[in-house]
Every structure is written in structure tokens, then in C-alpha cells.
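The next block holds one structure in the form of C-alpha cells; read it before the comments.
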Amino acid sequence: MKIGIVGATGYGGSDLLRLLHQHPKVSDITLYSSSQEGVHIHESYPHLTNIYEQVLQPIDIDKISQQVETVFLATPPGVSAEITEPLANKGLKVIDLSGDLRITDRGVYQNWYKRKAANQSIIDEAVYGLSEWNREKIAKASIIANPGCYPTATLLALAPLVKKRLIDLDTVIIDAKSGTSGAGRSPSEMTHYSEMNENFKAYQINQHKHTPEIEQELRQWDDDLPYVTFQPHLVPMVRGIMTTIYAKAKETMTEEFLRNLYKDTYANDHFVRLRPNGMYPSTKEVFGSNYCDIGITIDERTQRITIVSVIDNVVKGASGQAIQNLNIMNGWSEQEGLAFTPVYP
Amino acid sequence: MKIGIVGATGYGGSDLLRLLHQHPKVSDITLYSSSQEGVHIHESYPHLTNIYEQVLQPIDIDKISQQVETVFLATPPGVSAEITEPLANKGLKVIDLSGDLRITDRGVYQNWYKRKAANQSIIDEAVYGLSEWNREKIAKASIIANPGCYPTATLLALAPLVKKRLIDLDTVIIDAKSGTSGAGRSPSEMTHYSEMNENFKAYQINQHKHTPEIEQELRQWDDDLPYVTFQPHLVPMVRGIMTTIYAKAKETMTEEFLRNLYKDTYANDHFVRLRPNGMYPSTKEVFGSNYCDIGITIDERTQRITIVSVIDNVVKGASGQAIQNLNIMNGWSEQEGLAFTPVYP
Amino acid sequence: MKIGIVGATGYGGSDLLRLLHQHPKVSDITLYSSSQEGVHIHESYPHLTNIYEQVLQPIDIDKISQQVETVFLATPPGVSAEITEPLANKGLKVIDLSGDLRITDRGVYQNWYKRKAANQSIIDEAVYGLSEWNREKIAKASIIANPGCYPTATLLALAPLVKKRLIDLDTVIIDAKSGTSGAGRSPSEMTHYSEMNENFKAYQINQHKHTPEIEQELRQWDDDLPYVTFQPHLVPMVRGIMTTIYAKAKETMTEEFLRNLYKDTYANDHFVRLRPNGMYPSTKEVFGSNYCDIGITIDERTQRITIVSVIDNVVKGASGQAIQNLNIMNGWSEQEGLAFTPVYP
Amino acid sequence: MKIGIVGATGYGGSDLLRLLHQHPKVSDITLYSSSQEGVHIHESYPHLTNIYEQVLQPIDIDKISQQVETVFLATPPGVSAEITEPLANKGLKVIDLSGDLRITDRGVYQNWYKRKAANQSIIDEAVYGLSEWNREKIAKASIIANPGCYPTATLLALAPLVKKRLIDLDTVIIDAKSGTSGAGRSPSEMTHYSEMNENFKAYQINQHKHTPEIEQELRQWDDDLPYVTFQPHLVPMVRGIMTTIYAKAKETMTEEFLRNLYKDTYANDHFVRLRPNGMYPSTKEVFGSNYCDIGITIDERTQRITIVSVIDNVVKGASGQAIQNLNIMNGWSEQEGLAFTPVYP
């Protein structure tokens, strides 16, 4: 299959290159970039020397549609809102890694993103690509709104409880911690090494754009949901997200019940791994891979459930899930191109 | 004043040395260690070369009582429970940095610490050394149970709200993140560099010993408290704790009200610093210092309050607060020996 | 092919598992460990959950010889010296990642390693597995002494100059910097997170065991070599080695001559990548991969050549080169199982 | 004394604030900044909240000369070249932390700095502020060219050998490693957290501006010096420089001779600390302090001397040495304001 990547010079784009390099069904990749047109990709990313020799092409809808069959958009906010429709009109399948097509209510998007939403028709056509939960729709979709990194870690952790309506949604607290790669490749004071190392930061308190995305999806599973409290933090590391999620059980439940619920729910999902009793995953245990690892317990004293989920934000939180969705769209094995172990240590 | 430090080779002990070096009222320091008796302190800590030349002395109650007037115990669990009483009987003032004297209910101590508690009489005599809130008792005390690192960051953050009974205590979630120095100087797999770097870990889920300490102190301020959910995590950095605390307000309140509450409460407390509206502290902003910095907000959507507090776990969470208490006990200025800025970046 | 790994719970062993998982010619892996016999590998390494379910077997020569055809020894010093011969006698091919079989002079080994050397016959049989330079011998070998991490980065960087006798060997300085994974998985004060983070250390000054290995191999290429100065340092990171090598050119040469020399030398070596003029590799650019990247220049003022080479110490410096050698021994493509990009960032 | 800091928002400036806060002879500090005029310093540096409340003033020579007696210039390249002379003409003492006044040969400056040099008269008036070696001149100076961070660590390490002409200068290799704070506070791709963490980089190969500074000062001690090879690297840490220096001894010498040479040379220099036989300093052992720690040995095999020196680049390499020079200029104790231990761990 011929693949295009628009926005190949960001971390999402370069990680797509890493994964597609090993994908047995993908032979031909063309790279597009508005900012670095004409540059060799290995000049921007020397780690790709002798592996990818392509020159970055300008973003020209006509040319893209002639050159590729499926296109990944790993672009800054606002770009997908503009180019998804023309690309789709040319018959291309589009997998969008940005947040532009995820929020179905354009007013909500505009409130949180502070920019104009995409057309309603294109938003309606896009399928939210949370692979483990939307397989059937993804299989038939031609446009995918690939989930955000925090929502992926959060929704996979909460789904079994929310779908069965076992927790009091008003009590849900999502305390999330991310490595710096989620902030992208553009230097800033916040992610300047001297400011970020030996430091731990909370940011965008009550204001992070992934909040409405989490709420929207949880409401599909349990429409009782009011609002969630979602709070991200920045960890002095590059890759990895942990969410620590707290929620009150509606009724008394045992640890064993809880564990079985998760075991059964994800029994057939290769990329979701449950830790045994008393064990919890740390972010390094999924580094570089498409896994989402989960640990869960209930405190007998407080009847409060604690869920710990970890992903590599660049992989399962972006490029890896995008390829998992590509696989589902094409009827290939979900593990195609993703069947490798995390890099540890 | 002649000072003794028992357990000088741990991080708490060596940081006491750093701070006492600048303390104008302290002239004479004797070091005691059971594990490294006879060793020069700079052999264990080369950064003290040419600054401290002392040889570590064995822990001999009689000798200690002849050599010093006040003794800091920076010892592993169980030691203070044994030696505080004989030291006190010799007329020494004792500032204990371990957890042995903090929990007033011996049964609770034994449940969480899995070891025999100190005698009730010595526990009763010890004053909990949360400097900003127990000044009067500390001033008269001869034994101080110096607070744990997590409880210090948590209690300073919650006190204004809990004392005024403004929050629903059942909703309190304390999500805490610490650097690795809190785990001490003994190597372990958990804090092995290759396992800890580029990693973020949750640990001791629902089992951390600081939980009953936090609950005990909060209950003194509001006896409605059932249990709190306190969850620590390990950050790939050395010094610093952040607590992100979530709680529901009992009644609607404005951001301004909240900010004024904190501003008024801590108006005369040099070491508690409040961030302005929309700003939150990060751990590096207190690195190496005795400050506790706090940011606070309320989410209009959820009426949930978020408090972010940061301390240097080794300083305000251990050695610095111990010296602040030494100052209070002796009627000296609280800033004596602690009047320096954080080290940034 | 049926593969065995002895010492599967160290970092070398677990990285072999990562690489063999993707190797198309390897179907069956058996794990052996003296320290963790009977344990599931994913209990020791949770990142392998659902990927490897094997139980660690005891090290029994008879059983190993019945179960596997080729065995990797990723064992502590001294083990290979004992078990290589019996394994070889059973007809197994052995790839030894330890230092036991690398030094051909037993006296030199005993001087530097402070332990008894292997039998001379087995040492003589072992081929030094620097893949790019010993292909022919490796292809015929049944025992491989897989090179050390520092020697690999050093020898690949120096070979083109030394083989052509273009530098004054008395002037060679090898200043090497390594991540902590090279020190293995056993916790120690040196690699304790609180001691190692925000720290940079020199260690084993003039005493590192890789010194005689470097000298031995360089002498094969130019027997004029007296001694080299090799100095390792520890960097607060996990994976990666950089060597910065300084040497005086015997005769005036241009940058262009130098670059062409390297380009020509490594023209057919996929895993050695040369940076263009004025560019130098950093360690992250080979993270997780089998590449050795090299930058080179000559200072017109001093006629001193500077070579910068980087590898991932766990891969090209251990497990990856071991698999490259496995490929050569079996006449497979050298890239088999190793054809993936570095993980960046 | 009334002090001014021009360029207070850089790391050098903010560290001056940290040190001056504890300086018993300094009562009054005025801050100047071209880029952040009108801003409160704690808005730029929240760690200074409640400690420094000053508003940054514009850089106006007349006003500065009315407000302060001594001024520190912690400014980007080119500024000091312009404002030192007018400030000096107003009778102010100037301590310049930039490189503008260090190179006495204007042609050399212009070659390496690629910008116009300061006037020769002002360069001639400036005294190179390597405190331990230029005390007499510094005491009488009214303009100080404060040494660069790399030159400080290098010159203190080499001085005893070079002054006694004990080494062959043609063999000197200075392999230097620095934390990122030396690159300043402006974000860049090189010091972007995601690019810099878990990474080790060589930079400015044969082109670093500190090269001619090192050569100039070494030549004052031994005019035989041709050129030195000085190569800097970037370490994933914030503060700290290590130089590993290699040199051939002219004649055979013992370890004991070498150690005594250094011990005697620095016997009266509080801030230079020599490690005992077989011990070498690591950067963390001087973190936050004005110490320069040195370890030294000679390899019997190669007769090559290895010197390891470490400093905190922001302190002894900038702000701390500047204050040490302020003390010398005023006849105060050199330790005034600097008498504190490193922060460890």
C-alpha cells in the first residue's frame, strides 16, 4: 500500500516512519511538509540516515491524491480541519492524528481549541479511532479521528467500569503525567532542558483540550456523566504517560471481581495488558511500544478504586494506534507492524 | 549551641549538615552513626571535604548527653522508638526526623509500620513539628516528632480549607509525586538508575505509611474526616515533592475568596508562598530551600478545588523543617540558617 | 533455529529477547538462569508480559545441548570461562557476550580481570566478533567472543586510520562516555538514582577491563601500538556510548581525504553510518538500534583528528552485534532481525 | 555596598541574586534588563517570590552610575564591549561575566566570536579574574573580565603542571563535559528537553570560543604552548562541568610527587579541593557551590597524566567566581557570601 504522511517532521510523523518501516503491507511512503519542503528527512532526523532518503514534498492535494492511497495527518491544530475534506473527496483514506476531527460538537471544539472547527459533515464522517472499542466502525471508516494521548490512556482504563455503570461518575479524578514529547518538537521555555530537568510541573489546570474529548467518549458509555476532573502534569522524561484514576464504586465490590472484569473485557485485546494482583505498571514498561498496561485495585477502607494505566504517548497515544487503525481499516491483523517488545531499560 | 546528629550518613543527616553550616547560633556539631563508626564524614560524602572533618562516633547515650544539648535523630525506622526516651531522660532536647513518634495511636502505628511502637509516654510527650501550625507547642517542647515529607506538603496545602470546614472531606484525593531522595541512600532495584530514569512509577498503592499521619492531623482540624486517599508516585528526579490535591467545596465559592483565604492564612509565614492567580509552582522553584509554594484554583464547571503544593522533600520535608523547629524551640527567628533562595535552575 | 539464552535476566539477555522476537529465522527460545530458576521471565521483566511466557531453566549443560542449537551467554564474568567448553563439546555454537574469551593472552586477562582465565584451547577457538571486520572468520566460527561495548565503538571509529597506519598511535586518546545500563541490573551506590542523576562521573581511571581488549585488536592492525589511553565516564542516561577519540595524523591530510577514507571503508556496511561534513552523531540517534554512527574531522590548527562514534551499548555493544554475528555464522542477511530504526526521541 | 546587575534575567544574573542574598556586605541590589524592563524579577523567576521584589530597570548608564557602586554584567555577547567603558568612565567598578573583555588580542576575538571587539584600552584595563591565580591584580582592578566556565575548570586543573613546565604542551587534550545551563535560558532545538534527555552530544568541534581563552592564559604560564585541543560536550543534566585532561609528563614522575605538587600549590585556596589518592570528583559534589574539585593520577604504563576537575559552571564558572572577585577587590574574605556546602544529593 502507498502511504503518505503530512507533517513528517514532527514527533508523531517521525514515529510513523519508524513503525511503517517494519510494516509488511506498506511498501511506499511519501512525505509532505509545509515547513521543510525540499529538505531530506534525514537532515531533520539524522537517526533515519540510510533508512529514509526521501525529500519532503509540499502539501499539494492533487499530487497527494495521485501518489498515495492512505494519508496520515500528523499536523498542528487547524490543518486537518482544512485539508481532510479535499483529500477525502479525492478518494483517499485519511487518518488524522490531530485533535481537529475528534470533538463532534463544533461549539465545544471552538470553546476549548480557540479556533474554527472543521465542517460538520467531515466531523460526522470521521470515526473516533479508539481501536479496542470502535473496531467495527473503524473497519468501515474512510476518515479516522485518531484519539489524543491522554484520552487513550484514560478511556482504556475507565471503559470496563463506566460501560457497566459501576462507578459514581461524579467522583472520577484523572491525574495524568506525561513525558515532554507530547509537547512536540518546537522549543519553548516550558520544555527547555534547564527548566524541565529535575523538575515536575502541573500545567493547563482545568483547561487542557483533552478534557472535552474524554468527557464526550465517556458520555457515550454512560450518559449520566457530568464533568470529569482531568489534570495533566509534565514529567522530566521524554516518552510515556501514566494516568492515576480515582473513582468511588457505586456498590461494594471485591478486588477479585474488579480484576476479573478487566481480564474478561480485554481478553482478546493484545495491546491491553493487565498486571496481576498487587502489581502496577510503570511507563518504561511500554516504552516505544503500542501497549497499554493497566493495574487496578480497590481500597477496602475507602471503597475507592484506583486504576493506573500507562502508554507510550507517541505510540499508543499517536502513531501506533494510527497504524492499528490502518490495520483494522484494511482487514489486516491488528499487530501488523506493531509486533515488537518495548525497549527496556 | 552544641548539636548532635544521629544517623549523619543518610540524606536527611547530610542535609542537616548543609543547613547547620550556615546557622549562626550553632557552633559545634557531633556526628553519630551505627553503620559507619570511625569513618570521616567526607569519606562518605566527598562534597563535604574541607568543610566537615569530623569522625563518626558510635551511638552511646551517655557520651551523647555529655557532648551535646540538642540532638537530631535522622535514623531508620525503629531507632528513635528506642533511644529517644533515654536521651530525653538525660535532659537532651530531641528532634526526631523518623516516623517513630508521629502516630499517637500505637495500634495504628503498628498496623502501618509493621513494627513495635515507642512507649506511649514518649509519644505523648512528642510534639508534632508542623512549624506553621504548631508554633506554641513546639516552643515549649523538648521532643519533636518532625513531620514526614508527604504530610508536610499535604497538610500545608489543605489546612486553610479543612480548618474552616469548607470542603467535603470524603472527596479529598491527594495525588503525590516525589523525587527519589525520599527513598534514602540504600541502593534498590526500584531506585536503580537504569530502572528509574525515563520512567514514572506509582508505588505502595493504598499502603503508604504517611497515610495515617495525614489522617491523624487532618482529624485534629475537622473530626468529620473518614479516610483520605493518598497515592504517592516516583518521579525521575532527585529532590522535590508535588502534591496535587482535589476536593469538592461544600458550598459555591469564588476563586477570589479562595485566594484570599490562603493569603490571609499564611500572611505571616515566610516559608509558605502563594502563587498569583493562574500560576502554579513547580518543584524546581523550591529546590534546596525550606519553602512550600502553593497554587490554588476552583473549576467553575465542577466546583472542584485543585491545590498544587511543592516542597523540597529533603528540606521542608525533613532537615529544613527540623531546623525551623530548632529555631522555634529556642526563641530564635524562624529563618535563622534557612534564609537563602532556592537553587535555580 | 532453536536458541538458548543463558543469563536471561540481565540487560544483555533481555535485549536479546527483544531482538530475537522479531527475527524471522528464530522460532524457539529457551531461557536459563542460575539466580532466578523457576521464575517466569515476565515476573522479572513485566515489559515482556504476554510476549514471553517462559519459565527460567537451571543451567544444565546436558539439557541445554538437547534443547537448543545455538546458545548466547549473557553471563557475569567467569561463567563463560567454565561452561563454553562443555557446551562446545556437545556440538553447540556459542556466542559469548561476556569478556571471558576476548583476551587471547591469559596473563593479560588475569591481570585486568583479577580472575582465572578460560583454557587456552577454548580461547584460541573463539573468534572476536567485531562483525564489520571479522566476517570471514565469524562465518566459520563455532565460538564467538562478542566484543565489549567500549571496544566496539572505539575500534569501528579507529579502524580506517589504524589499518592504513595514518596516525601516530602514541597520541591516541579515547575519552568514552556511557549510559548506566552498561553497569548491569544489580543496584549499587554508583548507579543509585539519587547519586547518579544530575551527575557526571569518571570511573576506573586507567583501570578499565576494556583497555587490553582495545589494545589487542588495534595491535592486530598496526603492531607499532604501545599503549592506549582509554578513559570511561558515566552519563546520567540509560543507553548509549559516545567515544571522542583524538589522534595526531602522521602526515598532513585534508578533511576531504579523511571523509572519503571512511566513506569507502564502510561503503558496504549497513550498520556503520557516516555523518556529512561538519555534523557529528549524538547517542540518541542510535537509541535501541544496531547502528554505529561516526563523525570525523581534522583541526587545521593542530593537525589533530577528532572522531566521534556512538552506539547503543546494549545493542551494537552487546545483543545486536551478537545477533549480527549469528546471522553471519548462518549465512543469513546481516540485517535479519535488526532492520528497524532507532527510537527517537 | 550598592550593587547593580545588568542582565538579571539570565541564569548568570539570577545566580548572582542567589549568592548576593547571603552576602553580608551587600545591602542593596538594583536589576537592569533590556529585554524585560518593567517586569518584576519574580515574574521571570518565581523561585525568588518574597525574596526579591525588584522591578527590572532599563539599561541607562547615567542612572546606573547614580544608583550603584559596582556593577555585574551578565549580558549576551557584544553588550559589555559597548557599555563597560562608559560605566567605568562614571567611576563604577565593573565585573563582566561575558567573554567580551577576556581576549586581549582583538583579532583573535574577532576570529572566534565573529563580532567587533571592545576597544583595546578597555581590554587592557580589564584584569582576567581567575581568582586563585590573579589575586594581586584583581585586588587593584576596577574592571574584571570574569573567566569562562570551561577555562576556569581547565586552568585550575592545569596550572600547577604548566607553571612548572612539567608537561609536554603539545600533548594536552581537554575533553570537557557540561550541563545545559551553560547554554543559557533561551530555548533552542539543541537544548529542547525531548532532544536532550537520554542523549549525549558533542558540539562546536574545534570551534568553541573558550579555546583561545584557554590558550591565552596557558601561554602566560608557558610560552611554548602551540595550540590546545579543547572539545566540549553536552550532558543531560543542568549544572556542572567536568574536564578530563590528558597530558604527557616531560619526565618520569610518581603519583606522590604529582599529588604533593597539587596539595602544595592549592594549600591556601579554600575553593580548590584535592581528592585523595585513587579518588576523583564527580560534578554533583560541587553542585550549587564555588568549589573546584580535582583528582589527578599518572598511568605508569603510558606516563600520561589524567586530571579530572569539576565545577558548578554557573557558580565557580560564572556568578560565584564573580563574587569571589568582588571580595578580593574590596579586601574582604574570599569566602564572604560563598561559605556554604554544595547541595547533595
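Order as written gives the chain letters A, B, C and D; numbering starts at 1 within each chain.
In this text, a residue touches a chain if its C-beta (ideal position, glycine included) is under 8 Å from a C-beta of that chain, and two chains touch if they have at least 3 such contacts.
Just so we're clear, the structure is a prediction, and the values are computed from it rather than from any experiment.
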item	value
Mutual neighbours - chains that touch subunit C and subunit D alike	A, B
Per Cα centroids, the chain farthest from subunit C	B
Subunit B and subunit C, separation of their C-alpha mean positions in angstrom	46
Mean-CA-position distance for subunit C and subunit A (Å)	36
Euclidean distance of C-alpha centroids - subunit A vs subunit B, Å	39
Numbers and ranges of subunit D residues touching at least 2 other chains	11, 179, 181, 185, 194-195, 197-198, 236-239, 284, 287, 345
Touch list for subunit B against partner subunit D, complex	11, 14, 17-18, 21-22, 45-51, 181, 185, 197-198, 238-239, 270, 273, 275, 279, 281, 284-289, 293, 339-345
Subunit B to subunit A touching residues, read off their complex	171, 173, 175, 177, 179, 194-195, 197-203, 205-206, 226-229, 231, 233, 235-240, 242, 244, 246, 280, 282-284, 287, 295, 297, 299, 301-302, 304, 306, 308, 310, 345
Residues of subunit A defined as touching subunit D within the complex	11, 179-181, 183, 185, 187-189, 191-198, 236-238
